[in-house]
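The chains carry the letters A, B and C, assigned in the order they are written, with residues numbered from 1 in each.
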């Protein structure tokens, strides 16, 4: 039982949190800007590599004494802000010209181009090889015996929960957050009500890109960095957003946790000795969930929007 | 009556294709209720959208409080004292009633709690439901939220696009009563209505549009009394009068 | 010698461009004709490439077969299998609108690629399928290359002819009608779903052919060869640059974009190795940028579709 918790449940929670942080942005961007943002995975990679830069920079300071995980936590604001800035710039250059277009599908095509442009820049600056934030093996903390929790998993779960609480506060208590929800309900009505919709758009990018950047750093912390990490995450993140109902940030969180849990738990030997689903095919689980959702409940469990 | 609040002359234009408006004139004086009626496809809603900067005009001039607003975007017009309630989907369904009102006041940086109180006084049912999601309310109550949201900027001119569309007669009467009540606080009102007879009854003045042109312009009572208007645009007499003419 | 090298280079260049044109034409039937946002080209490419490869390659311990069958059999089977894979996907996904279809087709493609990579019997896993026969390879000197090029040109010519006919025929008109206004097409009594499914399957079969031709040309197919960047994104950019909806545009786009791709490779080839590899990624950036410029400045592409259209949904 305790092995189940250590080897499946905790990783499921971690992966679910990472997916959730990505799915929030996909969901909000879809509702507010009315397009599926296929460069979202590569924004995640951008955040992860900004985190790597921070680790390198801090190596040259007295803070190099700190563990890599702690240095990454210090780097989170930089990854958040840097990726948000990149996203706002991308929006200006490549998405905004189509804002009033009748059909948003052209923006989806543009976002595919952006995804590859971002990836190629990562490859240009960091090469194509797998990079780890830190070398060597990390040992689990002993303080929660018989639970064996990795230090980094504690950081990931705590920071993810904190960010979600902040998000909730932002969306329900601030003027801009409420305007964001209003615009996600009905962008035209928001405009005729006098809401500054371009400002809401900027905040959407700040939140969406910032959160997915944090997810990228966490994914890098938990696994490794590789330029295609964003593309690989695109599918589960979209599955999570669709599962939660597009335009529903809380739905996206739930969707992320469910998809993450299903992917991890699908490899548990539920029947017989071998894993139920071979780990190589984990991605297929997210996809299967998504296809079933699209067929039977395209609006997601929380009644989001459909095109 | 007082000075011009809104004066639009020779509005001509549409959505890029053929012109829907062919030289429409409209005016609202301070404190007036003005109704625009006419058959489907007459350009009533388009004329209202043109006033609110949602339709680009090829020709014509629109002045609001004497100022040329032809090139203004909707959010600028809200700042200048205009407010608009679109025909459909005029609330934010996932926001609470209270948040809907706050969004109406988005441009305000001052304390607007007194306006919220005013709206709750005007629409008492909303006060009890202020923590509920607006999407859960009944059709009539949603319309009250839409109304209230538009009043949050304390506009001088309120544009209502078919405020009673799809409402039961009971709610229709209720909404028209509120229109009068809002007007009595000094707000000028320009409304497009399918329920032409009822609209003209509460309107100081009315415009009859057909095929994108002004056909009749007169006081509400005079239009009601005009046999030609009654015949062509009010569906004759009797019970179906509520529907407004569609066979012009 | 110099001139001869240049000639061979030109032949190789045109062969690749024409193979890509097949993929670009497939995307055109999906997107250009019908407005189906299929970004799972890599999946159908992989099905076509692997099936033709396994059927025609000599026997190997790495995977089932190969069966050493004649190349035309392999190519035909590639198209049929790609179509067969497309059929259930189409049945499920075509009811969904653009963005959803996009994510669904990406997913299908990823899972197909995942299977080819991880399930060795299917296509040799990481080793791929080797020694795939290339038609005319027994001919001497440059003639093997030239003959293969002529074969590919002929295939593109035949496809172009047939697709152009279909486009002008009532079938094409119905597709256009569906693309412009689905409800109106439905109201006019057209079985919208059936037509969309036909277009989806036909386009996917061409993507399978695209994969098969590539496999026979480069004589090896491995998971790296089905990288979405190369086999999904490039055909898409080619179509957008050439002009979505225009078959000749799809071919022209293939030549131009493949030209840009090859030229940048020549340029970076002159850099020191360490840099060449990295700067090589800049050309992906350039292709991405080209796409953005075309989308914003030439929304119809270089050869815009002929009949007057409104932006598609």
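To be clear about the criterion, contacts are C-beta pairs under 8 Å (C-beta built on N, C-alpha and C of every residue); 3 or more make two chains touch, one makes a residue touch a chain.
Since this is a predicted model, take the numbers as computed values, not measurements.
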Whose C-alpha centre lies nearest the centre of all protein C-alpha atoms? A
By mean C-alpha coordinates, which chain is most distant from chain A? B
Just give me the whole-number Å value for how far the CA centre of chain A lies from that of chain B. 44
Using CA atom averages as chain centres, what separation in Å is found between chain A and chain C? 31
Taking the mean of the C-alpha atoms as each chain's centre, how many Å separate chain B from chain C? 54
Can you check the complex and tell me which residues of chain A touch chain B? 175, 178-179, 181-182, 184-186, 188-197
State the interface residues of chain C toward chain A in the complex, per the touch definition above. 37, 39, 92-93, 96-100, 102-104, 106-108, 110-111, 114, 117-118, 228-229, 233, 236-237, 240, 277-279, 281-285, 287-289, 291-292, 295-296, 299, 310-313
The answer for chain B against chain A in the complex is residues 52, 54, 74-75, 78-79, 84, 86, 89-95, 99-100, 102-104, 106-107, 149-150, 153
List of chain A residues in touch with chain C within their complex: 30, 35-36, 38, 93-94, 97-98, 101-103, 105-106, 108-110, 112-114, 116-117, 119-121, 123-124, 127-128, 231, 234-235, 238, 242, 278, 280-281, 283-284, 287, 290-291, 294-295, 298, 306-307
